[in-house]
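Below, chain A partners chain B and then partners chain C, in two separate complexes.
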Partner chain A sequence: LRRCLISVDRSLIEKSIPEVKRVLQTKDTFRNVTILSTLENLKSIKPVDVCCVTSHLLTFYRDRVFKDHQETSLEVMRQISSIANSFLYMQKTLEQCQVHNQCQCSQEATNATRTILDNYDQLEASSAALKSLGELDIFLTWIDENHQETSTA
Partner chain B sequence: AVPCVSGGLPKPTNITFLSINMKNVLHWNPPEGLRGVEVTYTVQYFIYGQKQWLGASECRSISRTYCDLSAETSDYEHQYYAKVKAIWETKCSEWAETRRFYPFLETQVGPPKVALTAGEKSISIVLTAPKKWQRHPNDDTVSMQQIYSSLKYNVFLYNTKSRRMWSQCIANSTLELSWLEPNTLYCVHVESFVPGPPRLTLPSQKQCISTLEDQMSALKV
Partner chain C sequence: LTGGVAVLPAPQNLTVLSINMKHLLMWNPVAQPREPVLYSVEYQGEYESLYMSHIWIPSSRCSPTNSLECDVTDDITATVPYNFRVRALLGSQTSAWSTLERPFNRNSTVLMAPRMEVTEHGLHLVVKLEDPGPQFEFLVVYWRREPGATEHVKVVKSRDTPVHIETMEPGAMYCVKAQAWVKAIGRHSTFSQTQCVEMQGEPL
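On to the complex of A and B.
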């Protein structure tokens, strides 16, 4: 069964994310709470579950994070919308995989996503959204690392 | 430690991590306006997602303005904060803090080792990836290539006769340049490069080597 792999828009990683991260991480004062960064959680995802978790997290960002975030800076808003657009593009790619039955969801994958959503719900929506946007570097790094031909089982 | 009055001193400034091959050293400038005063510093760090600030055991009441936190921040997939305060007699500053530090995305990847071999019209270049910081010299060596599978190299070649520079980005560790001028001094330097967020690069030392004399012209003489 060929693996479902997506690629991340380079300008996203090289420009948009660093700018959004620099601004939003400074505003995130809840340092003892993370949304994605329970690394044991993300690092434990098996290659076969990568597609499902990626799809769930792209949906999480689209339906929760981008909606809950209140932004005052036009420049940051512009960067976030370009991130949102590229997430939509990645999701379209994953939908092709789902059509070809390459995006199975194991219990472990579902649990991992559940943990992330529970982390999100621990905080008030705008704080949780701010923190999730500040953790985009973790999410994009995880996608970059796990959507490569060579990422081993 | 002797309790001090917080805010009695200005904060240290420009606090930042300088990270090369996962050797993560915290640097700062002394507080302004305290020239000639014997200030000491205390450092703490925080693992993002954990519960509390932790003391840096090697950096309590120190007079230098840097603190090696490589051991404390050695899990490069976690993210960290660090803070430092200045102390003088019974007064101390408030904490000066870094922004969130993510070693995996922010460490500078040092230059590779460069080995050159010259032929008549060719130079062969063999590169060895830099090593990750080690806690102890006899710890197992980890290459930065193992951490960054997408590690690439920018190779710069300078012809000292024509004064022309040429460069190429390569993904593997060997490069054969085979259309060069004989009996010519070339200089090479190499930078490591990881696709992703922008990082500072550190070029290798410039190394020069001369291509051999053209055998044909040597025979004609």
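On to the complex of A and C.
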């Protein structure tokens, strides 16, 4: 079964996300709480589950995070738009895989993303969105590592 | 006129000219006799138009501008459709927005065959390629000009030119052609013209 792989636009990792992280993490008042920390222990996610977890988390950002965040800085707004539209493109790529049945969801994968959503719901929406945007580098690094042709995750 | 008050007309005929991943939004001028008219450009990616349709983002270069075109390359950062709108500004007056007829997707950009210069330097083939930007890679194909020649391929990032291709045989003729490739849109250009160079020295 050929694995479902997406590639991450380098400008996202090298420009948009560091800029958003630099600005937003200064406004994050809940320093000892994380939303995506579980991605640290998602290392054990089997390659066959990577597509499903990626798809769920892209949907989480699309439907919750980008909507719950109110941004006043024009430059940060542009960077978030850049990220949101890149995620939309990645999702379209993943949808091709779902058509070819390469995006199965095991219980473990569903639980992993469920934990992230629960973390999100622990906080008030705008705070949770702010924190999730500040943790985008964790998510993108995880995608980059797990969506390589030779990755052994 | 509206209620006796002059209404500033909206700019017309918005179009996007896109070549080698450089995207230029253009429109017709709004004629005003006395004062110069300014224009303001805003954009919406597919995400905004689908999920946050009230959100329009001022273009990073043209809000406002006195030009009739706007380089929107830095605004278009994903391979999804983008909407654009432009309005005219004259003193305190603003026109209605004029919106691009069809959203623009950067995967429709025109990719030109790369400009290439091939020279010989101490039995090395040296291939110089123009650098259209960081999103470009090149496929450099070279072969020795002889019956049944084998083609060799080298993938080169735009920042890594000129390319020095390994040692050639003296007195032999080598030919080169190149093609541009943009991973972000999954497309390549046509091949450049083939260029051939004869290596110095006596054939072995």
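Here is the rule we use: the second predicted complex is superposed on the first by the 149 of 153 C-alpha atoms of A that agree within 3 Å, B and C clash if a C-alpha of one lies under 4 Å from a C-alpha of the other, contacts with A are read in each partner's own complex, and residues count from 1 in each chain.
Keep in mind that, in the parts below, a contact is a pair of C-beta atoms (placed from the backbone, for glycine too) under 8 Å apart; a residue touches a chain by one contact, two chains touch by 3 or more.
This is a predicted model, so every value here is computed, not measured.
For the composite obtained by superposing both complexes on chain A, the positions of chain B and chain C are free of clash and fit together. In the overlay built on the shared chain, the residue A:Arg78 is in contact with chain C alone; chain B does not reach it. By the document's definition of touching, of the two partners only chain B reaches A:Ile13; chain C does not.
Panel annotation: after superposition on the shared chain A, the angle at the CA centre of chain A between chain B and chain C (CA centres) reads 80 degrees, nearest 10.
Applying the stated contact rule after C-alpha superposition, one finds that A:Ser86 touches chain C and leaves chain B untouched.
Nowhere in the superposition do the C-alpha atoms of chain B and chain C come closer than 5 Å. According to the touch criterion, chain A has no shared surface contacted by chain B in one complex and chain C in the other. Those residues of chain C whose C-beta lies close enough to touch chain A in the complex are 45-48, 50-52, 55, 57-58, 60, 75, 77-80, 82, 183-184. On the side of chain B, the complex with chain A involves touching residues 46, 48-52, 77-79, 81, 99-100, 102, 104-105, 149-150, 195-198. Interface residues of chain A, counted against chain B in their complex, comprise 10, 13-14, 17-18, 21-22, 25-26, 31-34, 37-39, 43, 134, 137-138, 141, 144, 148, 150. Residue ranges on chain A touching chain C, taken from their complex, read 7, 9, 11-12, 16, 62-63, 66-67, 74, 77-78, 81-82, 84-89, 92.
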